[in-house]
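Shared chain: subunit A. Partners: subunit B in the first complex, subunit C in the second.
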Partner chain A sequence: MTAQPIIRVENVSFAYQVNQDQQIPVLQNVSLEVFPGEYVAIIGHNGSGKSTLSKHLNGILTPSEGDVIVNGINTREKQRIHEVRSRVGMVFQHPDNQIVATIVEDDVAFGLENIGTSAEEMKTRVDFALEAVGMSAFRHRPPHHLSGGQKQRIAIAGILAMKPQCLVMDEATSMLDSYGRRDILAVVRKLHREGMTIVTVTHHMSEVVEADRVIVMEGGKIVLEGTPRQVFSHQERLRELHLDVPDASRIAHLVHSGHSEFSRDLIHIGEVVAEVNRVYIRQAEASGS
Partner chain B sequence: MSAEFELTRNITIGQYLPTASVVHRLDPRFKLGAFVILILAIAICDTYVGNLFALAICIWMFQISKIPLHYGISGIKPAIPFIIILAIMQLLFYGEVVNGGTVYLKYGFITITSESVRLVIVSAMRFVEVIFLSSVLTLSTSTTELTHGMERLLGPLEKVKFPVHAFALIITIAVRFVPTFAMEMEKMMKAQASRGADFGTGEWWRIIQRTKDMFPIIIPLFNVALSRAEDLILAMEARCYTPGAARTRYTEYKAVGKDYAALIACIVISAVMLAIPW
Partner chain C sequence: MTQPIVHVENLSHVYMQGTPLEHRALDQVSIQVAEGECLAIIGHTGSGKSTLIQHFNGLIRPQSGKVIINGMDVSSPKIDIRTLRRQVGLVFQNPEDQLFEKLVGDDVAYGPFRMGLPLEEVRRRVQWAMDLVGLSFEEMKDRPTFALSGGQKRKVALAGVLSLQPKVLVLDEPTAGLDPRSRLELLDRIRRLNREEKLTVIFVSHNMEEVAKLADRVYVMANGQSVCEGTPRQIFGNQELLRQHHIGTPESVDILYRLREQGYSIDPSAFLPEETAMEILKLMNR
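And now, the complex of A and B:
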């Protein structure tokens, strides 16, 4: 990754104020950088602070200590918060609670209306955004007739219309059925291929393996960071943190414990199949010759 | 039993009936404006012939908007008790109040004159006309168009600091969440019923009992509504919404000849209605 990071989180701590002299610390001294074009996954079990961290990325929450810098703009600068939010878009968990308007295209245009885009420009951007998520055919429909996955695609379109550089997904697939999740992942994959920076907060490990970089949170701190392969090699550690590993990775570890020549750094099912073939063929060759 | 919980099926928000008629395609601002003018004329007009004329116009409007008249008539049905009670009250007590006309009957405090009879009949006709007109409006205009139209018409009020946009947004969000809450309520009713709660089985006159029956639904529904509202605020903020800030508009309406023609036609109709002397 080159150049300047899009998002720079510097020593951020955050605490929810319960009352005057009591507060609950959620984030402690978190630092991270997100670079253009990256696909970052943030994982952690409930209460690890991952969602809170994601809400800092576009200034919905501002840190109690430390700074979040988006493209050189500190999220504390209230006057420039629109710039931050149109650069870093955010899709939330519940598909129903993000849609404002009674007609799909009106909803996609909502963000654009807020930032004062001209009417003609809006038309082209709404067309573009609906096209990008494959929902053009639904533009005149009322949203309540759509499925959860379709609603979430509309929510993504509403963000895309604002032409952000980075899309933050705060457990955006957790309320969806498996078809809806597959659709959303396909859309996200496509956007990433086209150059969009993606930050996804999730506890579905199948989504994590698609990322370039995985950040594991626990107790408001980053405890592990690296490529999916590196992170999933720490199986013991992940188990301590009550986190799953992808099936492929678990299988590889199990086989490895019995057959040390079997690699354990596998995270995709295809890799496991290839590895089985490799080891099996080698054994066959060894016994055959 | 099952039909009792099917709330979402029975929901018609607004009651848009897309027949793609010329009335449907009118600019909602002009349609609303024309509607207001006609309603005002109906409210002022108190002659038999004027109201007959208005009634004929209302029925004709069903015709040109290609909406079957029975939609309008079904709108009158729930209003019939009110119309009757109003008519009886006016008949009994208005003779003394409205001056003039020949006295038909005088018995104690009850005075029936030709003027009070006219008032009774005209009021009933007004009721029907207003219901017909609003039916045509809501059947030929989607809720989205209605809110857009209202927002534009109220636009000038922004000068006196009336939050027109916020007002329109509130209506939009309310309409948007009606089906969502209906679905939510359906789920809760099923969940509570499966744990033995009773809905609507009490006698209808035991209003207090029946109201109490609804508590296990209403309270969680409020709870859910509040948490949804919180989510919605976050999502709106994430999309740069600032209350009271200037915004641009996605849907723009451009009035064409037929919009002006329709408005003028309605003004002429109103004028004729008021000019008829009998």
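And now, the complex of A and C:
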């Protein structure tokens, strides 16, 4: 890719300071670039540093060593942090912790109020943001009566109203049920299609298979990187890292080991169904002729 | 069934009664849990699961209907709520948000300490509880809670509840937000608490793999009612029911149903990936 990266993480190390003489290192020399329009998934088990890394992407945390550059701005430049955050918006894990207002549209407008947007522009942007997440019908409702998935969509709308180039999601679906998760994934998929850069930190392999690129973290380092198909072909390595693979991939491997004609390079459930059809028909033909 | 340890009969609950926002969260729910059982409660968001379990340790008192826990009537105004809460440990969703002490050991010790137990006993219980959840006492007791990972914090919160040595452990979405390793480990811990420590376990979950691994029996909730009850295999084999009540299925089950829709003869209750693979192999090797 020749375009300039939106986010450049350069040799970043980070440690939580416990007290004067004790530090807990979390990130060690991590380097990473995120390009415009990319969909990047970061996986790894708890404590691998993936959440800490994601919090560096818009300056919530700044590195102990190394730099994070967002659109040419170093996140250490505290006076320019608003610029950074207007480029890279972040949605967190818990829906309830991100809602500040008592009416949905006020909540979505909250960030805009803080940057002094005109009333007219604010209305346009709130309309756009609620529409984008499919929540226009709820604009006058109190958010605390919404489901977790709906609250997360409101949180995403609040970010979209700021017109960022990149949306970072830190386990944004992990508290949702499968229906809520599906709603969020549909919204994210649509945003990505329309050109939004997406970085998602997740444990759900069904989300990972949607990404262009997967980054696997372990012990504060990036240990594996590639397309979902490449990454999930390393089943042994992932097992060592105690990470899941999508059910589809797991099933394909198991069937392959009992029936070698069955491909093991499958990651979507539709692919498994299609492969069953393919192999089944070939066998039927072979036995028929 | 012998005398159930949790007995709920015709329980109803209405939030914000008499206002325009009135919402009937529970509608004539009856459930029974036997001592030593591991029970899952599943259902779509808003089906009343969380409202139901908050009755088990008296956080919500019955508006109408009965809740009897180990012989104690929760609706009785004379109930000793502290005794009830020592018998029923409730672990909320995101229990890690409720850690408030600076150090791990102090947080786990808070409950037994407040019970007025002698220091030696408090220490013994903290060690026991941390051991049960897989946290090394020596290594972790003086760690600051803020520097723990999400999975570790959750274990600390669980240890804090276990240190009260409850008879019934109630968990709301115990593994939501955990990575696969911590999830499996925590499930394993909970199963051992159930099988070895003979703790009665009741848990609410969206995660069907978790329900499949852990539960002896499942209640399905919808619109504030308990609509169905059975073993995990009975419940997951019933796609109609799951669809009707907006309960997601694991990918492996989706594959089986899609193959069946295309006319393959396949058993859709084979919900684990290994079983799904076996079903597909059977088709291939026919």
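In this text, the second predicted complex is superposed on the first by the 287 of 289 C-alpha atoms of A that agree within 3 Å, B and C clash if a C-alpha of one lies under 4 Å from a C-alpha of the other, contacts with A are read in each partner's own complex, and residues count from 1 in each chain.
Quick note on the criterion: contacts are C-beta pairs under 8 Å (C-beta built on N, C-alpha and C of every residue); 3 or more make two chains touch, one makes a residue touch a chain.
Since this is a predicted model, take the numbers as computed values, not measurements.
With subunit A as the common reference for superposition, the partners subunit B and subunit C occupy clashing space. In the superposed pair of complexes, A:His94 makes contact with subunit B and with subunit C alike. Contacts of A:His203 after superposition: subunit C is touched, whereas subunit B is not reached.
Of the two partner chains, subunit B is the only one touched by A:Val126; subunit C is not. Touch criterion not met for A:Ala137: it reaches neither subunit B nor subunit C.
When the two complexes are overlaid on their common chain A, residue A:Tyr179 makes contact with subunit C while staying clear of subunit B.
Residue contacts after overlaying the shared chain place A:Ala3 against neither subunit B nor subunit C. Once the two complexes are laid over each other on the shared chain, residue contacts for A:Ala286 go to neither subunit B nor subunit C.
When the two complexes are overlaid on their common chain A, residue A:Ala109 makes contact with subunit B while staying clear of subunit C. Once chain A of one complex is fitted onto chain A of the other, the partner contacts of A:Thr117 are limited to subunit B, with no touch recorded for subunit C.
For subunit C, the stretch among 23-31, 41-49, 77-85 or 239-247 that collides with subunit B in the superposed model is 77-85. Shared interface residues of subunit A (contacting subunit B in one complex, subunit C in the other): 93-94. Looking at the complex, you find that subunit A touches subunit B at residues 55, 58, 60, 81-82, 85-86, 89-90, 92-94, 96-103, 105-106, 109-119, 122-123, 126, 142-144, 155, 158-159, 162. Of all residues in subunit C, only 21, 44-46, 93-94, 97, 144, 146-147, 149-152, 173, 176-184, 206, 246-252, 254-255, 258-259, 262, 264, 273-274, 276-277, 280-281, 283-285 touch subunit A in the complex they form.
Taken in their complex, subunit A has these residues touching subunit C: 16, 18, 24, 44-48, 51, 93-94, 145, 147-149, 171, 174-180, 182, 203, 206, 242-244, 246-248, 250-251, 254-255, 258-259, 261-262, 269, 272-273, 276-277, 279-280, 283.
Contact residues on subunit B toward subunit A in their complex (touch as defined above): 142-144, 147, 169, 172-173, 175-176, 179-180, 183, 228, 231-232, 234-242, 245-252.
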